[in-house]
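My structure is below; once you've seen it, I'll send some questions.
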Amino acid sequence: MSALPRSRRYQIAVPLALFIVVLAWWHPYAVIEGVQRAGLYAAIALPMALILGIVGIVNLAHGDFLMLGAYLAYWFAVHTQGDPLVAILPAALGLFLLGAVVYRATIKHVIGSSELSQLLLTFGLAIVLQQTATLLWTSQPVSINTEYTSTSATIGSLTFGTYGFVYVAAAVIEFAGLTFFLQRTRLGQAASASGQNPVGARIVGINVDRVYLIVFSISLALAGAVGVLFLTRHAVFPLVGGGLTFKSFCLAAMAGLGNLRGILWCSLILGLAESLVSTSKEYAGWADLIFFVAIVAVILVQSHRRQVT
Amino acid sequence: MAFPLYAGVYLQHTATIILTYLCLALSWDMLVRTGQISFGVAGFFGIGAYSAALTALNLKLDPLLSIAVGGLAAMAAALVLGLTTLQLRGMYFAITTLALTEIFRVIVRNLPGLTGGPEGTVLPSAIFDGDPTKTYWLLLAIALVTIAISEAFQRTRVYFAITSIRHDEMVARSSGLDIFKYAVFVFAVTSAIQGIVGASFAQQYAFVSPEGTFDIDFTLLPIAMCLLGGMHSTLGPIIGALVLGSVAEYLKLQLPYGHLLVYGAVITLVILLMPQGVAGKMKEQFVREQ
Amino acid sequence: MLAVRGIDNYYGKLHVLRALTIEVGRESVGLFGPNGAGKTTLINAIMGLARPARGEIVFEGRSLLGLAPHQIAHLGIALVPQERELFPLMAVKGNLESGAAHIPAAREKMKSTMEFVFELFPILKQRLGQPAGTLSGGEQRMLAIGRALMANPKLIILDEPSLGLQPSVVTHLFGTLKEIKQKASILLAEQNVRQSLKAIDRGYVLENGEIALEGDAASLAGNEHVKRSYLGL
């Protein structure tokens, strides 16, 4: 898990802070909405980056596991008439176990084979999850309304929804937890080692296969928990995950594969950009292109850098 | 291959659909042979479809000519995308194409003046006035050309280039091959095929819409077909298209909400259990018996 | 301690090791041979990274066949790979700790073992906070040896440690082998036979996957074939 050198961090942070201040003055709603979106995107992207950085696999079914977590919470809320947020722990646990099963049955068998097989396998898994969800719950969007999601605050003449900041909290907690896990726990250090050099990890006595299984399961558990949060504010339908997978990968690629801290920054940039476009009246429909433009730019920059070195 | 001519409209229709998927599957496989994987087949299919429909409608272009325009438009889009994204590891390209279909859909939806927006656009009449026999001949011709291109790729310099890309990038580089150039070339050609197939599809049904034309079926089925039949050959995708294509319509009727589950399962299971596909398996059997 | 008996290894159809037999007791043993002789393959077979088609490998009475590399590491075999296989983004300290952290018996002695490693390679102490990927080739090799020692192994295997290093560094490295031998048995694969012969008790010459010669250091040094092919005399 590399972090940027301190000097480069400031090169990004200072202009970004200036930009946000100017933007906040000119268009405060876009900033609030953008920060909330950034929280959501970071919360979703962090677990994908974890797998990418350590197991080295792009999980194209990432967003679909999130979708599954959201449906679990929906099912729970409908059956118990309870608050869907209560389902966070059960959903995380359920997806952790599912992660272990999916890893053993599928992912394990393409570790070390071609990237092509890995991409196709997780693509196949994504389709299976999406279509199973369609069979179980139809393609109609579902949503849950709770009172607390419409809480708002007023600062001066500005009134805005505050519940969206729950995603920012989730992202920060996730980041802190993962950083602690990777740096301070023995298992986490084994995971970092396996991510940097699986052969090296094996010969120092690390059971790399078990590390991969746990990392994969943790990632799914986090995706499931974020899925529950997602349900409290968004409509959920079987295909909702595809776009989230793509956005997660964009963020992971932009931050540099395996760099968790970078994901927070990149989410902020893209979240703001997206909300700026979508809160404008004429161009709202084009907001979906932001991430695509970003990934193409990232690819151009990286291939340029590769040619230079 | 001529049998559906005497076999009634339903069979002709099924055969046309199989040929449509056969072209998509084979063109997808041609790109896979370079080590790059595209999840954007439906995107180029849709570009071709929209370009053909809009030029036929607005410029009063002859339907056949508009199909050619569809191919060119898809090729142009692929060139732009390929030149920017094919330089990095396959993963980046693959994921970019994953979003491509959705991106094109967003663009189409947001340009209602040109494309008809979310409702789509209807053409005054289908190609050949809806004659299923002529439509079948058209698709058969496109399929034969696609097969010829695939075989040409397997037998010429391109084959050497793309297999060395796949097997060893270093070897390819040191032998002076510009692998990037070849990858872009193959991507452009295969996208043109997908565009032409999409254009024919639009002309056949005289209708394009964001949801119906950029349908994930057109990405998913070809991939499942190639995997089932066996990648990296001309024969594999053909076998896969014949097998899955002939059950596709039936599955759609029987499982309107879950037929795609079958293809997802096929992809997953083939990768895990039989990565060489049916054609590879048969070849292996054949070699063993020799 | 370690006995390899009649193993055959293949890469596809390529027959790399042929009925190979070697033994390592409480001693230091050399394994000499030109590029492509099969030294790394033999080491990988011992470590569980390559699977022999036939034969057996026994360490302290336990068969190693079918065990995974991490299990073999837990039994007390540590490897200094030809390619070093460090954790490039981790600091020197983290790399050293990783050698002991995943082996319960070694974990308890982590501090004192690290002191021993610093005595052998003082430079590592100065580089403690630096990512391993930024070290020089010689420093990386020392770190790889240090990491292996951190496991408190009973047997340490070094795969061509002198590869690509300056002569002065090689001399220093081979000098440390005597101290390492106080703690563990050594299996040393090398092409630099001249220097190695000073550091080992006994050796094997491996050619085309077969043992061509074996004997103690003195008899190998006096052997005509060894003189001609490996010592350039």
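In order of appearance the chains are A, B and C, and numbering begins at 1 in each one.
Rule of thumb we're sticking to: a residue touches a chain if its C-beta (ideal position, glycine included) is under 8 Å from a C-beta of that chain, and two chains touch if they have at least 3 such contacts.
Just so we're clear, the structure is a prediction, and the values are computed from it rather than from any experiment.
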Separation of subunit C from subunit B in steps, with touching chains one step apart: 2
Core chain by centroid distance, with centroids computed from Cα atoms only: A
Higher-contact pair (C-beta pairs counted), A-C versus A-B: A-B
Centre-to-centre distance between subunit C and subunit B (centres being mean Cα positions), rounded to whole Å: 53
Chain centre separation in whole Å, for subunit C relative to subunit A (CA means): 43
Interchain centroid distance [CA atoms averaged], subunit A/subunit B, Å: 31
Interfacial residue positions of subunit A with respect to subunit C in the complex: 1-2, 186, 189-190, 192-193, 196-197, 199-209
Residues on subunit C engaged by subunit A in the complex (per definition of touch): 47, 49, 68-70, 73-74, 78-79, 81, 85-90, 94, 97-99, 101-103, 147, 151
Subunit A-touching residues of subunit B, taken from the complex the two chains share: 32, 35, 37, 39, 84-85, 87-92, 94-96, 98-99, 102-103, 106-107, 109-110, 220, 223, 227, 257-258, 260-261, 263-269, 271-272, 275
Of all residues in subunit A, those that touch subunit B in their complex: 58, 60, 106, 109-110, 113, 115-117, 119-121, 123-128, 130-132, 134-135, 138-139, 242-243, 245-246, 249, 253, 285-286, 288-289, 291-292, 295-296, 299-300, 302-303, 306
